[in-house]
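We just call them A, B, C and D in the order they show up, numbering each chain from 1.
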Amino acid sequence: MKLYEYLAKEVMGKHGVPIPRGRVAASPEEAEKIAAELGEVAIKVQVLAGGRGKAGGIAFAATPQEARDHAARLLGIQIRGLQVDRVLVEEKLKIDRELYLGLTVDTSARVPLVMASTEGGVNIEEVPEKYIIKQHLDVHMGLYPFHGRQLARRLGLTGSLARQFADTAVRLYQVFREYDAELVEVNPLVVSGDRLVAADGRLNIDDDALYRHPQVPRTHEGTELELRVKELGLAFVQLDGDIAVMANGAGITMAVLDILASYGGKAANFLDAGGGAAIEPTARAIEVLLATNPRAILVNIFGGITRCDDVARALIQVKNTRGIPVPLVIRLVGTNEEAALSILRESGLTAFRSMRDAAAEVVRISHGPGGEL
Amino acid sequence: MAILVDEKTKVLVQGITGNQGAFHTSQMIAYGTRVVAGVSPGKAGQEVHGVPVYETVEEAVHSHGANTSILFVPAPFAKDAAMEAMAAGIRVVVVLTEHIPLHDELELVAYARQRRATMVGPNTFGVISPGKCKAGFMPSVIYKPGPVGIAARSGTLSYEVAATLSAAGLGQSTAVGLGGDRIVGMSFVDALALFAADTHTKAVVLVGEIGGTAEEEAAEFLKTMDKPAVAYLAGKSAPPGKRMGHAGAIIEKGRGTFESKVKAFKAAGCAVAEFPWDVPNLVAEALKDR
Amino acid sequence: MKLYEYLAKEVMGKHGVPIPRGRVAASPEEAEKIAAELGEVAIKVQVLAGGRGKAGGIAFAATPQEARDHAARLLGIQIRGLQVDRVLVEEKLKIDRELYLGLTVDTSARVPLVMASTEGGVNIEEVPEKYIIKQHLDVHMGLYPFHGRQLARRLGLTGSLARQFADTAVRLYQVFREYDAELVEVNPLVVSGDRLVAADGRLNIDDDALYRHPQVPRTHEGTELELRVKELGLAFVQLDGDIAVMANGAGITMAVLDILASYGGKAANFLDAGGGAAIEPTARAIEVLLATNPRAILVNIFGGITRCDDVARALIQVKNTRGIPVPLVIRLVGTNEEAALSILRESGLTAFRSMRDAAAEVVRISHGPGGEL
Amino acid sequence: MAILVDEKTKVLVQGITGNQGAFHTSQMIAYGTRVVAGVSPGKAGQEVHGVPVYETVEEAVHSHGANTSILFVPAPFAKDAAMEAMAAGIRVVVVLTEHIPLHDELELVAYARQRRATMVGPNTFGVISPGKCKAGFMPSVIYKPGPVGIAARSGTLSYEVAATLSAAGLGQSTAVGLGGDRIVGMSFVDALALFAADTHTKAVVLVGEIGGTAEEEAAEFLKTMDKPAVAYLAGKSAPPGKRMGHAGAIIEKGRGTFESKVKAFKAAGCAVAEFPWDVPNLVAEALKDR
């Protein structure tokens, strides 16, 4: 889960990372008031997307009136498809240099990773590798001041700036650990005269650890439908095709999408119904699929923990209660396969036993004029 | 004759008194697995399908010589349970639990290294050496004993592959689920190293997916391994920046792409199957070449 | 540094260790008021000494009036030589069993050590080893719930009590680490019906780490003179003999005391003037020695970092400014020894080069009638 | 021909630009020690007595191959500095600093074990191999090369003993200060193990004191060592429950008594000197017996 910049900075500030003076505003009046306290300010839209600057989401104001005008203009617009309902108003920084400092996990070495660069201010992915300094950390030992000094040294920082950098690295690591972060990033970490300031801040918290952080305000990313399915506890990604897909298992669901693509079809979604799903959640998942108005639905089940008969019953339940107005292609094998097939037969449904045949059939249907099975 | 688990393995089930723990204990026993003990804090003294339940792992190890543990423990308690197993001297810890916090996984991996223990998972279906030992919840009927090792990041997809292999008469030495999380205890490379040393395994099938660099590292390893390998990779059509079910299945910052993995495998001389049902033919061919 | 029981419990309570309801009182009126809130209460003197119960420092009151009377009696008395100026008034617990739980450092294995016993309520030193369960911990890993369950199991606890015990162990370890504790101890950890309660609590903080804990109220142990010398930054222990001793180094100072004892003398103190002491602190140290009204003073210096001439100058300074009214026996060897001897000679003082001779001389003097050198 | 440090040792001084660091650097150089580099954050680029100063230990190790570090670093920063040294691959870290928090010492000891590094101290005068290398602030003039190893918990007292040995013609292979704190990196047993393996060392003198059980453990080790040892112990007349200068010098809960230590040494056949000046004769006798 991503935090808004102003929340990420609030957390960092609490842990001693130097942040600009400023506050978040939800109205032009608030923005004006904050600017009146701070003098020259930057006004930044608060959306969960990068590249705000390029998208026109950042403005500067020399007077409170100007701040009010910018805020009035920015509040309510859309930036990269996201509605702006808050802006961060903070002191405008004199920028001498822009550094980068970030903490994440190296999934290959399976340890925390600290990254630093002299080339801050742009997406770190766009910085050539040779300008990025990486250092693995021992999770039980953590990030010591000496690690920070080593990084500062390699960045070419000296004197007070080196000390501030080392200190900031130690504190950012505390945020990383205490907040179960996937990513903590200060970009740019600005050299402003003799001080370092976190001009922008990102803090992405591991979804699986959110239960340990009840005090952190929740943010919601994704389409309306994705958010609705997330609440069902299912893994769902909306795509732009016309074949709705449900399978059980992340890998096999991806494989189904790949096979459809190879056969010239286009999937409308990724939906992993999980292992061992009961009738009720499966039924709700099918209903979700129908909400995307697909031309056809493909259900692919390899029954392990998942019992094929439960899936069949769920399908029948949805068919009988709300109806399934598009062709339904089913592939079922594994646990309780025979019982499933007989349940389907009773309701006039059939099922494939081969994934290949099922995929070919649903692609054929999606290309044709469509119709009830 | 297999990796990780075999007919001599003495399995401990942590969380044995829960619904899932109890059910799969019966399944594992039915398969012939030596389930010697269970642990469930607060439930010591009970029996589950004839298996004695203890309060602590150290008692289970002490009384029954358990050397492998399988965890049916909810995510908030999984780190503690896995740490307990490793602290008590368990050598192979199979962590089935999904949704374990990332930082807990970092600590588990660090402790496993310190204890020289092997953690399989988290978020895995487990490990099975067909005909010998099942430590997981996979549908065991699809597996047959034989010469093919399977290492997979996903469960159901690897069942598909195993079933096609078995149907083609290509049985398996061991099938191990590495887990779908970003941080897992056993990587493809770790699994390959074990298969390389296992005399019974003649070829290895890797079931990978987008995200991370585990496949690229596996490809590097394959260059030095003298057993053939065949890969199938899921996620060719997945959009970047989206988590495809597994926490680890995401193309981020240009890393973890399907193309990168295919290229790495091809460079290592490893065949990459276009469809899951192509795997058996490729394996048969690879074995014929030897 | 030892914390008072009520402060130790306050810290434990904040970290989730179950403690009895109660508060500290400095007057009979306060005690009465607290008792009125709590019902039947225990009233416990707050002094930095064990064995309060045996010394009459604990009383029970069934009514607020009784609580007031007990408090009036206890406030102002001395317990083991320590003035009572506060009492802890807390709910009287029904005691079914008394357990022990403590965390300290194993200086031999050099790791944290958790100790538990079913034989709580008495000094743990008096409990036979076979009733004490000890478990080494990895400082980077800490104390996990499973460690707590293992301890609970070995203590024979089951069900809810086992869970509470494991949880308490985890929380107590957090206190141990966060407070840089030498010792955290709950004794007794009382089984009261279906709950565990920390009926008494000790928390001793490492003196060397106090700078990290500015929020912890300071306590002061030792004689008035010891506290004065502690402020000079010198290691000082008051003893009951008549030969004041100053040496440089803890080991050699102990050795000097041993030698004096072997020769039939009695040291008035242990004073390690440290290595590399400058003139001014050394002079102040000598003044401290004079405050014990010794029959003689022995100064034993093996000059390493400590320069003998500095010591000589310090001695002369004290002699010239306040006078040294008792015999002064000096032994000096090492760095700048010759310069030191000539400085002493100028002021009419002499020095031994052998520790043995100096010790024999000062013991001889201490047995005689005494007089100016 | 010595333990821990010798003529090949390349010494790094952490905190070299401070008063103590700079002064003792000059003393160590004057003694012939190969002081190759110094580290002082914020002072890189300077020289101290001709020794180049770096910002980080890793640079000093990289540029000069330093393998031993000596810390003149104030207590609040000592853990970081010692960790830095060990992380950078320094094998012997001599921590002179007093008053390092106990919990910092626990972490240092744990990390030294993990890195297989040796920490001497904290709160030590250092280590000297007479005529070869001085890594500490001891008055070097009192030491002479020879066959006696010294391991001591206290500084000045061990200088007394070293001086009496030298005066009696009994030079030293190495004298090491273990440190006066409760938790130290090197114990008597660790030092004895090194002396036992050092061909040049013919006898060992242990200068101990009340508190802890390091002497009792040393006595156990002596039973298996085929070189003679002589002990002198301070604190015979110390009252229980009082810290005698050193954090570690305290009789607590009946542990750490003078009597217990004397008894242990006697049981191990190790002579215990009544007075410091008796040590040379006991050593001479012990050597004569061989």
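Simple rule for what comes next: contacts are C-beta pairs under 8 Å (C-beta built on N, C-alpha and C of every residue); 3 or more make two chains touch, one makes a residue touch a chain.
Since this is a predicted model, take the numbers as computed values, not measurements.
K.L.:
Removing subunit C only, and moving nothing else, give me the connected sets of chains.
P.N.:
one piece
K.L.:
What is the touch distance from subunit B to subunit C, in steps?
P.N.:
1
K.L.:
At what distance in angstrom does the C-alpha mean of subunit D lie from that of subunit B?
P.N.:
Each chain reduced to its C-alpha mean, subunit B and subunit D end up 50 Å apart.
K.L.:
Using Cα averages as centroids, what's the distance between subunit A and subunit B in whole Å?
P.N.:
The separation of the two C-alpha centroids amounts to 27 Å.
K.L.:
Compute the distance, rounded to whole Å, between the mean C-alpha positions of subunit A and subunit C.
P.N.:
The computed centroid separation for subunit A versus subunit C comes out at 55 Å.
K.L.:
Counting only residues that touch at least 2 other chains, which ones in subunit A make the list?
P.N.:
Subunit A, residues with two or more chain partners: 140-141.
K.L.:
Between the chains shown, work out who touches whom and classify the graph as line, ring, star, complete or other.
P.N.:
other
K.L.:
With touch defined as at the top, which chains are paired up in contact here?
P.N.:
A-B, A-C, A-D, B-C, C-D
K.L.:
Under the stated contact criterion, what part of subunit A meets subunit C in this complex?
P.N.:
Spelled out, the residues of subunit A in touch with subunit C are 140-141.
K.L.:
Under the touch definition given earlier, write down the residues of subunit D that touch subunit C in their complex.
P.N.:
Going by the criterion above, the answer is residues 75-76, 99-107, 109-110, 125, 137-139, 142, 152-160, 163, 180, 182-184, 207, 209-210, 212-214, 217, 232, 234-239, 242-249, 253-254, 274-277.
K.L.:
In the complex, go through subunit A and note every residue touching subunit B.
P.N.:
105, 107-108, 110-112, 124-125, 138-140, 177, 180, 182, 206, 208-209, 211-212, 235, 237, 239, 247-255, 257-262, 267, 270, 272, 275, 302-305, 333-335, 354-356
K.L.:
Where on subunit D is subunit A touching in the complex?
P.N.:
So the residues of subunit D touching subunit A come out as 41-42, 44, 55-59, 77, 80-81, 83-84, 87, 111.
K.L.:
Tell me, which parts of subunit A touch subunit D in their complex?
P.N.:
Residue positions touching the partner: 141, 144-146, 149-150, 152-153, 158-159, 162-163, 166.
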